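Multiple structures follow.
The following pair of complexes shares a single chain, chain A, combined with chain B in the former and chain C in the latter.
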Partner chain A sequence: MPHQTISNSGQPAAIVVENVVKRYGAFAALNDINLEVGKGEKIVLCGPSGSGKSTLIRCINHIERHDGGRIVVDGVELTGRIADINSVRCEVGMVFQSFNLFPHLTVAENCMLAPMKVRGISRSEARDRALSLLRKVRIQDQADKYPAQLSGGQQQRVAIARALCMQPKIMLFDEPTSALDPEMVKEVLETMVGLARDGMTMVCVTHEMGFAREVADRVVFMDRGSIVEEAAPETFFQAPRTERARSFLNQIIH
Partner chain B sequence: MNSLDFSIVAQAWPYLWSGLLFSLSLTAAAFAIGMVLGTCLALVQHFEIRGLAQIVRGYVALIRSIPLILVLFWFFFLVPIVLGHLSGSGRPVPIGATATAFITFELFEAAYYSEIIRVGLRAVNKGQFEASQALALSTYDTYRHIVLPQVFRVASPIILSQTIILFQDTSLVYVLSLTDLLGAASKLAQLNGRLVEMYLFVAVVYLALSSAASQCVAILRKRYAVAAAHR
Partner chain C sequence: MFGVLFEQAADGQRYIDWLLSGLGWTLALAFFGWWIAFGIGVVVGIGRTVHNRVFSIAARLYVEIFRNIPVLVQMFLWYFVLPEVVPNALGNAIKQMPPPWASFVPALLCLGLYTASRIAEQVRAGIEALPKGQIEAASALGLGSYATYRYVIVPQALRLIVPSLTSEVMGIYKNTSVALTIGLMELTAQARQISEATFQTFTAFGAATIIYLCLALVAYQAMTLIDRAVRIPGTTPAKLTVEQDLAADGPHVENLPGAMEVVK
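Up next is the complex of A and B:
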């Protein structure tokens, strides 16, 4: 039976990552990672490319399989059992850098498919839910268009609505604004800020420092497969403790 | 030589029509069954199903390396003997020319379609699988609703091209003494001596049907190119 893991703050943890290791051959993508995310907490993961931040969030919903350590999501440990993996994936929504919308389905159908097939709700209920979440991301008038007819920013907001249609408890964002033209970054970030205000538990891989300052409870800095520094956003951006974090921040500020 | 007299075609039309219907129904059956079977063959290879994948690869390689006309012969002459041995009587079990034609075309086309679909499966973006996983969709739902519809869409011009070739290949059933469009024209031409008119007319029918289908291919190709450019 799912056991509750209590975080340091006394709150039951949404995500517990313990001594997690992930290897690609001889290369250690994740090297003994420990991280706890409390319910309702917002984490921003940052670090240079190849530091393992994307690999880490992809392990949380088992798109990548970890080679060692434990990952417990909402009380369910990811052991490789299909039933556990699916119950975790039902509670964890994910937004990708490259949107990954289904090009042959309309915006509404993109949002309706998984709730109907996985949650087993009716078509009309799925459509109502899709439309109300599309309204929330302010894109309801595009419901019957195909993804290719939308701008990048609109597509990414559809991807967010699609994930929310499963009514997840946790949302993972993997560089959601990196593939966007600069003028579209804002609309996606605003949507994410709105989600944060609603109390969603969020883990975001992003280099958007304005977003991190506004919503993050903690910034987690990774380098070469390890967590190097964890701090509140103001502390992290103004007074990073480690040399690696300092040089990384210098690079992204220019 | 006499001048051309196409009134002969009008008289011959009912017989030609029945030949054309045979060609079209053979094409339709080979397309429908071939696609279903071809998709299964492609999926067996795609999922690397132990044991089966090797057999399927061998089957596809074999079928693709021999002419259709030879497969028709084999099927017509060898399968009844094999069936005879299997049934224990030792006497050949005839399966008839029409059944031979349908079964052979379906099995033959399945191999070609499976190659098209196999390549299409590899072309589907990795992100589509990841998004499906993240949404907790089962493997079945992922392939049924996400992957295969995209494969059919991307591959539809090539599938249609293959089907045009299939339609023209149905004329090979003459080796089984079956009467398709070309066979009907050929028989009538021998009877009435109007070879030029008959063969010209048949050519026009093949041309019209095949180029209409080619137009469809062009439209599909264009539509897909537009959709891809917007992505």
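Up next is the complex of A and C:
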């Protein structure tokens, strides 16, 4: 698989990860990872707990710093000294497992903060944008409530809207449905499917295999800090090549 | 029993007027000292949590120095020592301040800076108690460190520490009594003066005690109102907010205050 900034299709890649290593003391959380994500591509990252999938997407957003190799996001090198990490982060939205909404701000203010303070747009424009994206995640009537007054599924949809308000080119999802009650998983997944249909470049850490089948272009299976298998969803679920992927799939299906 | 307070003193005023004048200085010292303490305390408390080593070491030094020297000693340092160690002209100007100000200004600086070091530690604790995900979410949205502190971290940390700031409010107004040692005629000093003039020791200090108690109640009620006013809708009372955040975040250890980050 080639690892230059121009992908096979001739389009510049959205994300290039090359020989990336991340260590916590003696423990190698990421061990020589290579991954390329084309524009508009949807990747589902899965693997057992501790396999490094969250660490990988946190490195892509530079919330964690990688110790070796290179990461290029939207043409910007995220290795060594970075001139302005925040300009890259503006183009990359992130949704967390634990929502991480700002509890002291209303739903609308959560969505307006970064566009106003980072992009510098006016309050009224920020509010219009927030309301239109809240409508998109079907939660516009809660705009003036506080996060603690919403259900988990609603909070996670607000978190998605908040990330979208920055008009990112890439969205990263770190187990967005793992902290939700079962009946709320669907509403969040539907929102993500809608986003995928709109052509967003997405990297999702998730164990929702239905979602992976429906939207993923590729499933990337990680184990112990390495990418073990990479395949189209049908191939991966029907006929995993490696024993480790087979035993993982067996475990999550039950 | 308190009748003696309404008798006329040698200077033509009633003794109660002495007490009220003392109360005025006590309140002035506590009020202005509080704003100095709060302003510096928030800045130093933030300084304790930033990654910049120069700031964090300076903030640490500030806290260690001002918190660990007894208030009485600090009072003497500001009043007796400072005019001697600064350049002569400035030292003389300090010594020549007219009477109440010559005691009031050093007392104000002393209490303000001392209480600031205590507030700084509360602010630091409040910031460190916030879930790590808050900073991560702010970073992920592209907010810089100033905007993250200004709009995300500090507003939440201050709400968390309102209950513990109550004891700092009470602390600063009780510590105003130390100012009598450098000649400020605040409430305790006036009570002592009344006791010496009338030999009614019990009455003089009894009255002062009642006034201090009333002030404490007012301070407590005021802080309770503030706590209620800034409470985030949908959350439980302030002392429970940390647990509430944790409960909402589910069983993720990474959000426990001060916990080690979980490697996923």
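Observations, loosely collected:
In this section, the second predicted complex is superposed on the first by the 245 of 254 C-alpha atoms of A that agree within 3 Å, B and C clash if a C-alpha of one lies under 4 Å from a C-alpha of the other, contacts with A are read in each partner's own complex, and residues count from 1 in each chain.
As a convention for this text, a contact is a pair of C-beta atoms (placed from the backbone, for glycine too) under 8 Å apart; a residue touches a chain by one contact, two chains touch by 3 or more.
Keep in mind the model is a prediction, meaning the values are calculated, not measured.
On the superposed chain A, the two partners chain B and chain C do not both fit; they clash.
Of the two partner chains, chain C is the only one that A:Ser49 touches; chain B does not reach it.
In the superposition on chain A, contact is made by A:Phe102 with both chain B and chain C. Residue contacts after overlaying the shared chain place A:Phe248 against neither chain B nor chain C. Between chain B and chain C, it is C that contacts the larger number of residues in chain A. Of the two partner chains, chain C is the only one that A:Lys145 touches; chain B does not reach it. Applying the stated contact rule after C-alpha superposition, one finds that A:Phe211 touches neither chain B nor chain C. Legend: residue contacts after superposition of the two complexes on their common chain; A:Ala29 is shown touching chain C, with no touch to chain B.
Legend: residue contacts after superposition of the two complexes on their common chain; A:Phe173 is shown touching neither chain B nor chain C. Once the two complexes are laid over each other on the shared chain, residue contacts for A:Phe236 go to neither chain B nor chain C.
Residues 61, 63, 86, 89-90, 92-94, 96, 98-104, 113-114, 117-118, 146-149, 162-163, 166 of chain A contact both chain B in one complex and chain C in the other. Contact residues on chain A toward chain B in their complex (touch as defined above): 61-63, 86, 89-90, 92-94, 96, 98-104, 113-114, 117-118, 146-149, 162-163, 166.
Chain B contributes residues 125, 127-128, 130-131, 133-138, 141, 145-146, 149-150, 153, 227, 230-231 to its touches with chain A in the complex. Within the complex, the chain C residues that touch chain A are 131, 133-134, 136-144, 147, 151-152, 155-156, 159, 232-235, 244-245, 248-250, 252, 254-255, 263-264. Here chain A touches chain C in the complex through residues 24, 27, 29, 49-50, 52-55, 61, 63, 86-87, 89-90, 92-94, 96-104, 113-114, 117-118, 145-149, 152, 155, 159, 162-163, 166, 179, going by the rule given at the top.
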